[in-house]
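Shared chain: subunit A. Partners: subunit B in the first complex, subunit C in the second.
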Partner chain A sequence: MSNKIQAVAAREVVSVVRARSTLALLLGVLLVTFGVVFVSNAEPDYLPTAVDLLLPMEFLVPALAVALGYRTIISDSTRGELDVLATYPVSVSRYILGVFVGRALALTVLLTIPLAIVGVYLATTSPTTPTFLATHQGVDSPLIFVRFIGLTVFFGLVVLAMTIAVSALASTQRSALVLGLVVLALVIIGLDLLILRGVAGGTVGDEWLTAVLSVSPTSAYRGLVFETVLSTAVETDLQQASPVTSAAGLLSWLLGSLAVATVSVSRR
Partner chain B sequence: MTTVGALATSNAVRYTVIVLCLIGFVGVAVAFGVDTESAQPEPVPFDEATTTGLASEAQYDLAERGQVVPRAQIFYSQYQFVVGYHGVEHAIDSLQQEGHQQQFGYPITVYVSDFSESDISLSEEGYLETDDEQPWIDAEKATFVVESEAQTPTGQTAVPFSDEAEAEAFVSSYGGELVDWESLQQHTFDVDDATAVRERVGDLHDMADATVVDLRPLADRPVSVIVGDENTSAVEAASLSLAEDIGYADTIQEGLDRAPNETTVFVADGTYEEKPTIDSSVTLAGPGATVEGDGNDSVIEIEADEVAVTGLSITGVGENTDPAEDEEGADGTAHDESGHSADGEGDDADEDGDWDERVEEGYGHGDAGITAADVTEIYVADVAIETPTNGVLLRDVGKSAVERVDIEGHENWAEGFMGVVAMRSPTVIQDSTIAHGRDSIYVHRSHETVIRNNTLTDNRFGIHTMHTSDSLIADNSVSGQESGGITIMTDPAGNAVVGNEVRDAAAGILPAGSRSYIAENVIAGNDRGMSTGASNSLYERNVIYGNDVGISASSIRPSNRVVENDIVNNDVPARPSTGPLLIWTHEGVGNYWDGATVHPGQERYSPSDPVEGKLLSTPGAVTLSASPAAMTLDAVRDTTPGMREGNIIDTAPLSEPVNPEMIAELEEDYDR
Partner chain C sequence: MSDSQSTTGVASRPAANSDSAAEPVLVSEQLSQAYGSVSVLSDVSVTIESGTLTAVVGPNGSGKTTLLKTLAGLLSPTAGAVHYLGPDAEREIGYLPQRPSFRPQFSTLETLEFYTALVDDDPEELLARVGLRDAAERRVEALSGGMTRLLGLAQATVGDPPVVVLDEPGSGLDPTMRKRTFEVAHELATDGTAVICSSHDLALVEQWADQVIVLDGGSVVDTGSPAKLCNHHDADSLWDVFDIAVEKPDNQVAILGVDDE
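On to the complex of A and B.
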């Protein structure tokens, strides 16, 4: 990574850490994560905990990504810092990448800390079972939970990139917020609603469903969790998603969003 | 500058961050690259597995005779307990059950008994006989012999071998064919389930009818001796015929001694202070007579086949309940039942006696109004007994029926004993009234016993059975028990509990064992309504009303079908137990829970949920249960059910009660 990207990224990290709202975000994520784990009365095993966390994460992760990302470019722009940066030898693409990397680090830490604490809790807690009966682990392994954390962070990065793109497209702070909320609505339910309509109306043929699901970041994330986490314990004849196209779908959203952001800032 | 600010300037900090990111990235990549399948688990000692497939009595009997069944143990992907199967056929049958995979996950590893090293022969019934222990072998590596002469007490089985040559040798001796694990799983074994028990309810009623029809003529024998009076009008009043030759006696014993076989000794009205023994095939009748013992021993002893006792009142029964009272005291409390657990192994086999010797001594030898032992074709009817101990005691009686008896036990159950005891005596007990005492009816190792239409009140257990399989408990009215209305103990199979009404007891119906059919009972006003202690069983169309706890789940292995029950007005509708989530819905049909009607059209209801269980009783519960948070939790709950702790879910609760008339009646009775 070039020093210039690092410099921009470091600047982003510093601004995230200095903002009081970051602590509030961390507390929010902790609250939701622990709340779900302790209320769901799953056995203290990795797999059921991951299953329980999946749905809340589909709401929480996009919200967190939008909160972290919607102001990035637009605030640089409105404060005139973009103009200042233009005098430095930093290309727009490196600037965008730096912003993304910096915010991505923050997002990763905010998601990983609570999930890692849950992981440690699971690793140190054993289920309450009568001692006179033989028990075993079933299919369960910390690797399953690491996969879940990895997928969740990846999902977060995708939504973050989308948010940075709309932040670059926005002309004012307020429009950035509105566009951020639009991204949130689209990611959480909008795209999935479209797919549901498509399946119900017959526009999405059965043979295309897994491919179409890859287009919705949330469905792609959910499909990846089903295929790489849940599938370890449940044998199904039907594929729940195509892991490759799902991963490709998420990656396309990420790269495409960064490209949009780059083009948009270049044109300012 | 803060440490945060250092990020912007210090290379060391930057590199640390980059390295940490790389480590995290590689870690996640590894997590995806590595196969999560853990190492194959080692087989566990069979008695530590959660076992199923064979009643514990059958297990004891086999062990005593040196016979074995091919066992299996399965480690499921979603179920933390190792499941042991007495009989490979039961393992296969379980794997073929609809919904099994949803509840347990797929089998990670299956072990089966390896007979390659065993010296085997087959008994007459086809049971495997060997003195050798069978080691465990991975089922994938075994060769199975199916369709051979080899049997278990529950039917045809598959015999596993690690060595194919040994398997072929077995086939050449006992027939059958060789299959591998893959094709064995497609093989169909004729394993009875609880629906077969439902089909048998009618047969058991017919069988009981036939027994009673067979035995009733014993009460119709011509009178050959009249005791206490020379007037024959009482005989005619009792619509009995007279023998050609009629004798008279002063005491009952004298009359019994004088009467020829297959005649009746008629006792005229009055009180007779004696303890007669019946040692020939005669009938003792006396609708207005009272036989009064001296407070020691049994009052009437039956020592011959084809004997009937009808229409007497019996008092003065002895107070001893134990043949060896010097050793353990006379109250019987030193004896402990084997507990009430779903998969309990029961009492330990006694070293020198039969494995149930202690229970037999404790429950089978006390004093009684009428005692019959080691005889057959005994008929007791219309007798009234007042007893501090047992009323009617049947021990090793081949065929018998007890009907329309009226037994009054000890006011304080702890001091009293059983109304009717059947020990190794399959019998019919019907239309009787039994109050107070310890257990109204106690049945031990008496398979195919039918207990119906009795009224049993105010004692410890109304009906209490141990090691008794394939029996029918029907249409009894049971109430006011200190411990349990209808309590089935140990680990029997194939019992039906149908159409009983159990009220105001500490516990209503507590079944145990497996393959049982618990249906159409009315269970109301008890501390605990019903448990699901019997596994592989069917609980349907019961009305469970106004109990402190409606149903308590108490089977560690989810194998029961609980459907079409009406669960109404209970403080807690259902309480889960240790073990995984239970789904009480079958083929889209659930139960009627009054709490599930709060949100009309509700798609799933969890009676064990702390909020949903209180929808009708706690202000605010409805508001809370409609929150997105509650609904989100609901939605994830029935995924990976095997890994979820004690919870009960009905995925298709009924919107209308199955038995509204009964509920209306109960509402009136309990004034709600």
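On to the complex of A and C.
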């Protein structure tokens, strides 16, 4: 990574660390995560916990990503810092990448800390003998939970990139917030509803379902969790999603969003 | 406008760069800028030389900020062109916006450390140049308006760019701070930098500027040294020049794009 991207990324990390809202966000994620674990009646094992956390994470992760990202570009724009930065030898793409990397680090930490604590809690209370290499189906292990954390962070990074794109498209802080909420609604429920309508109306046939599901970030995340986390421990012949197309769908949203942000800032 | 009305006459301060021949570093050719149907700049041709302090003066809405942004390369002209003719530099043009603003949770030193990570420079030296060394650890949110502007001035000079564009560096500051911004601009010019600034403070412009560009209605109505402008208009001061060159008979604010009836 170039020094200029590092400099922009470091500034974002420090901005998040020093923001008054960051501690509240961390406490919120901790509260929801532990609330789900302790309210659940399931065995304190990795697989049941991942299953219990999946749905709350589909709401919590986009909300966290939007909270972290909606003001990034628009704040620099309204402060006049985009004009100032344009006089420095920093390309727009490097600036966007730096912003994304910095915020991504913050989001990763904010998600990983609570989930890692849950993982440690499970390691100390789980009745299952820890088996670190869950290479065979039917085996619950910490690795399953690590995969779940990784996929959850990946999902968060995708929504963060989408949020940075709308922050670049917005003309005011208020419109950035509104667009961020639109992203939140689309990611949490909007795209899934569209797919559901397509299936119910016969527009989306069974043969296309796994491919279409990868278009929705939440469905793609859910599909990846089912296929690479849950199916590892639960024997089933039913394929919930295609891991490759789901990963490609998420990656497309991430890269496409960063491209939109870059073009938008270039045209300001 | 009280300070604008007070005049000091053409100052006897030394020329910004008397030792070396000034060379053109930034040239605009028949520059025009329009926002939709509203023409903001029309056929503006100016030459900015190294080691000089050029002031752009004109009434509100005359196109000063648009001209400076276009010269700084932040706006693409709708017609004409801007040519940078200065030496190769990592950062060719420095820019101070009209209302500089920085991330509030950073100290002044941290703010400059960020910019000097983009272009090599010494942040502490930059702070010392604008007189903010003692405020190095102070958070940006705790700076006064004047100190924020001085920090902006330091930012504009990061990387020692051959051209520095300052949009009303003294606006809203007390007389001492305002004078300090012009002193810093003059020091930069003395070191060989081409400094372009807009200002409504005609007394300070008359005292410090080597060249004055008088802008009205998006067009250059006169240009030259303060002394030359005074001679040309048979005026005692730059304020009188301004009065003669741009005064509107009905004392109304000029709104670009609205034709006189």
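Rule of thumb we're sticking to: the second predicted complex is superposed on the first by the 255 of 268 C-alpha atoms of A that agree within 3 Å, B and C clash if a C-alpha of one lies under 4 Å from a C-alpha of the other, contacts with A are read in each partner's own complex, and residues count from 1 in each chain.
In this section, a contact is a pair of C-beta atoms (placed from the backbone, for glycine too) under 8 Å apart; a residue touches a chain by one contact, two chains touch by 3 or more.
For clarity, every value in this text was computed on a predicted model and none was experimentally measured.
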| item | value |
| --- | --- |
| Partner chain(s) touched by A:254 [first = subunit B, second = subunit C, both, neither] | neither |
| Touching partner for A:90 - first (subunit B), second (subunit C), both, neither | second |
| Partner chain(s) touched by A:220 [first = subunit B, second = subunit C, both, neither] | neither |
| First (subunit B), second (subunit C), both or neither touched by A:67 | neither |
| Contacts of A:56 with subunit B and subunit C, given as first, second, both or neither | first |
| Partner chain(s) touched by A:4 [first = subunit B, second = subunit C, both, neither] | second |
| Which partner, subunit B or subunit C, touches more subunit A residues | B |
| Which of subunit B and subunit C A:18 touches, first, second, both or neither | both |
| Touching partner for A:186 - first (subunit B), second (subunit C), both, neither | neither |
| Touched partner set for A:230, first subunit B, second subunit C, both or neither | first |
| Overlap of subunit C and subunit B interfaces on subunit A (superposed complexes) | 6-7, 10-11, 14, 18 |
| In the complex with subunit A, residue positions of subunit C that touch it | 69, 72-74, 90-91, 93-95, 97, 99-103, 105-106, 110, 114-115, 117-119, 155, 158-159, 161 |
| Sites on subunit A touched by subunit C in the complex | 3-4, 6-7, 10-11, 14-15, 18-19, 79-81, 83-90 |
| Subunit A residues touching subunit B - in the complex, by the definition given at the top | 1, 6-7, 10-11, 13-14, 17-18, 36, 39-43, 45, 47-48, 51-52, 54-56, 105, 108, 112, 127-130, 132-141, 143-144, 146-147, 149-150, 153, 228, 230, 232-235 |
| Touching residues (chain side subunit B, partner subunit A) in the complex | 4-5, 7-8, 14, 17-18, 21, 24, 27-28, 31-32, 34, 36-38, 41, 44-45, 48-50, 75-82, 101, 105-106, 108, 556, 578, 580, 632-633, 635-637, 639-640, 642-647 |
